[in-house]
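Single-structure report; data block below.
The first chain written gets the first letter, and so on, giving A, B and C; residue counts start at 1 in each chain.
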Amino acid sequence: MVFFTTLDMLGTAAFAISGVLVAMEKRLDLFGVVIVAAVTAIGGGTLRDLLIGDVPVRWMADPRYLYLILATAAFAVLFQSRLRYLRRSLFLFDTLGIGLYTLVGIEKGLATGLSPLICVVLGTMTACFGGVIRDILCNEIPVIFRKEIYATACIAGGALYFVLLGAGLPEAYAYLAGIGAVILIRLLAVRFKIALPDIYRKRI
Amino acid sequence: MVFFTTLDMLGTAAFAISGVLVAMEKRLDLFGVVIVAAVTAIGGGTLRDLLIGDVPVRWMADPRYLYLILATAAFAVLFQSRLRYLRRSLFLFDTLGIGLYTLVGIEKGLATGLSPLICVVLGTMTACFGGVIRDILCNEIPVIFRKEIYATACIAGGALYFVLLGAGLPEAYAYLAGIGAVILIRLLAVRFKIALPDIYRKRI
Amino acid sequence: MVFFTTLDMLGTAAFAISGVLVAMEKRLDLFGVVIVAAVTAIGGGTLRDLLIGDVPVRWMADPRYLYLILATAAFAVLFQSRLRYLRRSLFLFDTLGIGLYTLVGIEKGLATGLSPLICVVLGTMTACFGGVIRDILCNEIPVIFRKEIYATACIAGGALYFVLLGAGLPEAYAYLAGIGAVILIRLLAVRFKIALPDIYRKRI
């Protein structure tokens, strides 16, 4: 449990900081920066909870998320000129975050009685849609629609979880393997600059 | 039933393709194209279900929508250079779609005990708001806020349904007449380039 | 009760007109103008109700909001060239509106059993997020993320309400003091051009 709580906190903080960075690039004021940080950190889970009807949504029942986000945003604003030294750590925490949140979303889908396909969609949404809402609030086309393997890693890790479950692996192992797969695919994709196949070549 | 299922599938496919087209114009990657296709196809119904509290929303309970959307998006990406030959069919399917979805939304509103005015709003939202979310994700002002008779056709068809019900027409006839009116108004508006009255003339 | 109903109507109308103004600046058509007016007026409360699971949301149960919005939008479009003479009144009504809606949102949060922090978030959301959705639909970065004391006034007024409650003040007085504080802070901020502290100075 401590392990997962730590992952969750690191992931939430990394998401909040990515929100601060995008918001500051757009020169938002302090309120805007905090809102965009919060939306990035909890937007995906909020959308998931709304769609399955699990309300009041999670961050309303447990205010610690908001405190963590406020503290992280304050830290990021205060040390804005030093954040680049943390770039590698932030990338790592973000990657841990999407791994964890994908599987958290899948578990919630299963608990709601949804099919594996929909569970994978829910998990990917949990991990990725905070960033989508962040970009929309900042008047950008969501970056995960344009570049890099990001959501695709979540989909693959989620699918692996169900494959392993189907193969008879105990739930806890499949869970960890799913998280690990998301993280590994994301790391490899960034390391080797792997992207989705280009769909814009002419096919005549 | 087969008739409505066919309409529903054609409409969903047409909406998904319109999502693919807008997404490809923005040069999104494969993941982005698929998400925008899905949101266009199911976004309106999802918003309706959230607002009336009918969760988990419909496409989560019935994964066939997602399969249809994935297949349609794959088709549209593969045959992107030929899609213009389908322009007339796509326009027709889209128009059938908004006719059907307007009445589907109205029925759901009635089943929830809502007043006629709110039912017409719900129906129009079902038919039109997938396109609104599509445009927001692609960083455009929604096209239905700017041009042509589109949502207005849904409002008129929905209103006609309640007028006919009030006049004592059997429900099934009013339903079909409502769908027909949406389709007819949309076709006439496009054929004769009818637009909403211009609100920007000076009134001094 | 008459007092609060009047405040509510003035606030709703002021929000709707602010939607009309932004929409007309973007040259939306009549349908777009009406939708943006409606979203500005009821978007914040809708988001709040979705997050706490109070559905069907309020404007669906009470159609008078839609009638008021339609009438206001029609008025604003017809008298568009005269609206600048109303600028001061509109600003005042808008300010009354955010004061009232902040406390309405807080009360709803308390009735749902949420903690004070989350209640203040809900209240601020009720007052301010209609304008956020308005700006997103019009393809702008939300103005309250960029300029002026607006949401901050709601947060301060909401916090004051809980401080006064904690100090043993009767609920009705704390409620009115909360509304008053929002209004006063907003008026003073605009009058004396007070903004949030600039977070963009270099800290080396």
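Quick note on the criterion: a contact is a pair of C-beta atoms (placed from the backbone, for glycine too) under 8 Å apart; a residue touches a chain by one contact, two chains touch by 3 or more.
Keep in mind that what you see is a predicted model, and the values were worked out from it rather than measured.
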Graph class of chain-chain contacts, one of line, ring, star, complete, other: complete
Turning angle required so that subunit B lies on subunit C, C-alpha fit (0 to 180°, nearest 5): 120
Classification of the subunit A:subunit C interface as same or different, half of numbers criterion: different
Where subunit A and subunit C are represented by their mean Cα positions, the distance between them in whole Å: 30
Contacts with 2+ other chains: residues of subunit B: 50, 53, 136, 139
Residues of subunit A defined as touching subunit C within the complex: 23-24, 26-33, 35-36, 46, 50, 53, 55-57, 59-60, 63, 66, 77-81, 136-139
Residue ranges of subunit B in contact with subunit C within the complex: 50-53, 112, 114-115, 117-118, 121, 132, 136, 139-142, 144-147, 151-152, 195-197, 199-200, 202-204
